[in-house]
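Chain naming follows the written order as A, B, C, D, E and F, and within any one chain the residues start at number 1.
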Amino acid sequence: MRISARNQIKGKVVEVTKGATTSHVRVDVGGGQVITSSITNEAVDELGLKKGDNVIAVIKASDVMIAVG
Amino acid sequence: MRISARNQIKGKVVEVTKGATTSHVRVDVGGGQVITSSITNEAVDELGLKKGDNVIAVIKASDVMIAVG
Amino acid sequence: MRISARNQIKGKVVEVTKGATTSHVRVDVGGGQVITSSITNEAVDELGLKKGDNVIAVIKASDVMIAVG
Amino acid sequence: MRISARNQIKGKVVEVTKGATTSHVRVDVGGGQVITSSITNEAVDELGLKKGDNVIAVIKASDVMIAVG
Amino acid sequence: MRISARNQIKGKVVEVTKGATTSHVRVDVGGGQVITSSITNEAVDELGLKKGDNVIAVIKASDVMIAVG
Amino acid sequence: MRISARNQIKGKVVEVTKGATTSHVRVDVGGGQVITSSITNEAVDELGLKKGDNVIAVIKASDVMIAVG
């Protein structure tokens, strides 16, 4: 599957924290940068996400803001 | 200003493309990764964004998906 | 590639309208329902999207609201 | 109330799962397709959402991605 | 129609700017605050939006960030 | 830090509700209007958000819909 989302950043899962319905997945994308993703528990289960997995953080361009200063 | 968004990734603007109302700003965040942001022309003007600027790509955790495979 | 997004709806492209930077892609997902997607022109070009293509509309669960009445 | 969101898909609630602050509402929209929505518990309570309710899944066009393959 | 979105702010349209595919609608919500919305041209046409209209700005809670300082 | 998001609305925190992973922060922005934000618990902790704090609700223009009627 190829997807329209402009931002597809490879990394490795460093932490999966499950909540009641929502999980946080933290992905080390290199250069000292960790990206945090908030997704459903069902998605975590379906993809079998766990620490050490190679994954891709996917972000639509319209969800990226720019800050300065 | 500090903001709740979990993902704040430093980089350098490599391209600003203005449309009729919407601009695309491409930011080199290192490691060969370029992040594309879609924001209003007004935001580009107000921040004076141009090639070479040091900026921060800001992304809310709930806007990040995870892909595998 | 498998992605965490809970909603992946198969359909067929019925219209691609390109703007200055942003395109609208309309996808017939059956049952008389057409889904409209707003994505970058670059994404349309990269995926080579055109009328008649079989595609999947992908939507993160946190971007779906519920209305009644 | 009429809303600008381009995607308004009629369906029937098949499951409401409440978490600590966030609920998941699953809506059968026909054709074997179920849409998952992640909304606040407060919204579920205010709309009185429960299994069997006729609802509309509402999605802004800029939150829809396109995948192929 | 009632919708799950937690934020529904009444105001008056002060400006509609149409682009090639995307419009910007600015809404005065009182107290000197103007909210900018980026929606499709189709939505503007369908709702017949124009300066002076009484409207509601609708925002899902998961799309609101908090900043300090 | 200045950010591209078009909507930056000043207010005062009236309630912070922590869930398992996701918090809801309610902000009184004046004129009888309260804005609800859904953010990570980590963001609440990092910003030290509590009732009475002066904050800014930040919303990207592409996340604002318009309703009428």
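By definition in this document, contacts are C-beta pairs under 8 Å (C-beta built on N, C-alpha and C of every residue); 3 or more make two chains touch, one makes a residue touch a chain.
None of these values were measured; they are calculated from a predicted model.
J.: Touching both chain D and chain F, which chains are there?
T.: Both-contact set = A, E.
J.: Among B-F, D-E or A-D, whose interface repeats D-F's (more than half the contact pairs identical)?
T.: A-D
J.: What is the size of the turn, to the nearest 5°, that moves the C-alpha atoms of chain A onto the matching ones in chain D?
T.: Result for this pair is 120 degrees.
J.: Using mean Cα positions as chain centres, tell me which chain lies farthest from chain C.
T.: Result for max centroid distance from chain C is chain F.
J.: Can you work out the whole-Å distance between the CA centroids of chain C and chain E?
T.: The separation of the two C-alpha centroids amounts to 23 Å.
J.: Express in whole angstrom the distance between the two chain centres, defined as the mean CA positions of chain A and chain B.
T.: 17
J.: Quick one: which residues in chain C touch 2 or more of the other chains?
T.: 1-6, 19-20, 22, 24, 36-40, 42-43, 47, 56, 58, 60-63, 65-68
J.: Between the chains shown, work out who touches whom and classify the graph as line, ring, star, complete or other.
T.: other
J.: Can you name every pair of chains that touch?
T.: According to the stated criterion, the contacting chain pairs are A-B, A-C, A-D, A-F, B-C, B-E, B-F, C-D, C-E, D-E, D-F, E-F.
J.: Could you list, by residue number, the parts of chain A that touch chain C in their complex?
T.: Listed in rising order, the residues are 1-6, 37-40, 42-44, 46-47, 56, 58, 60-62.
J.: State the interface residues of chain A toward chain D in the complex, per the touch definition above.
T.: Against chain D, chain A makes touches at 1-5, 19-22, 40, 42, 60, 62.
J.: Which residues of chain B touch chain A in their complex?
T.: For chain B paired with chain A, touching residues are 3, 5-9, 24-25, 27, 29-31, 33, 35-39, 43, 47, 49, 53-68.
J.: Report the residues of chain A in contact with chain F in the complex, numbered from low to high.
T.: Residue list for chain A touching chain F: 17-24, 36, 38, 62-63, 65-69.
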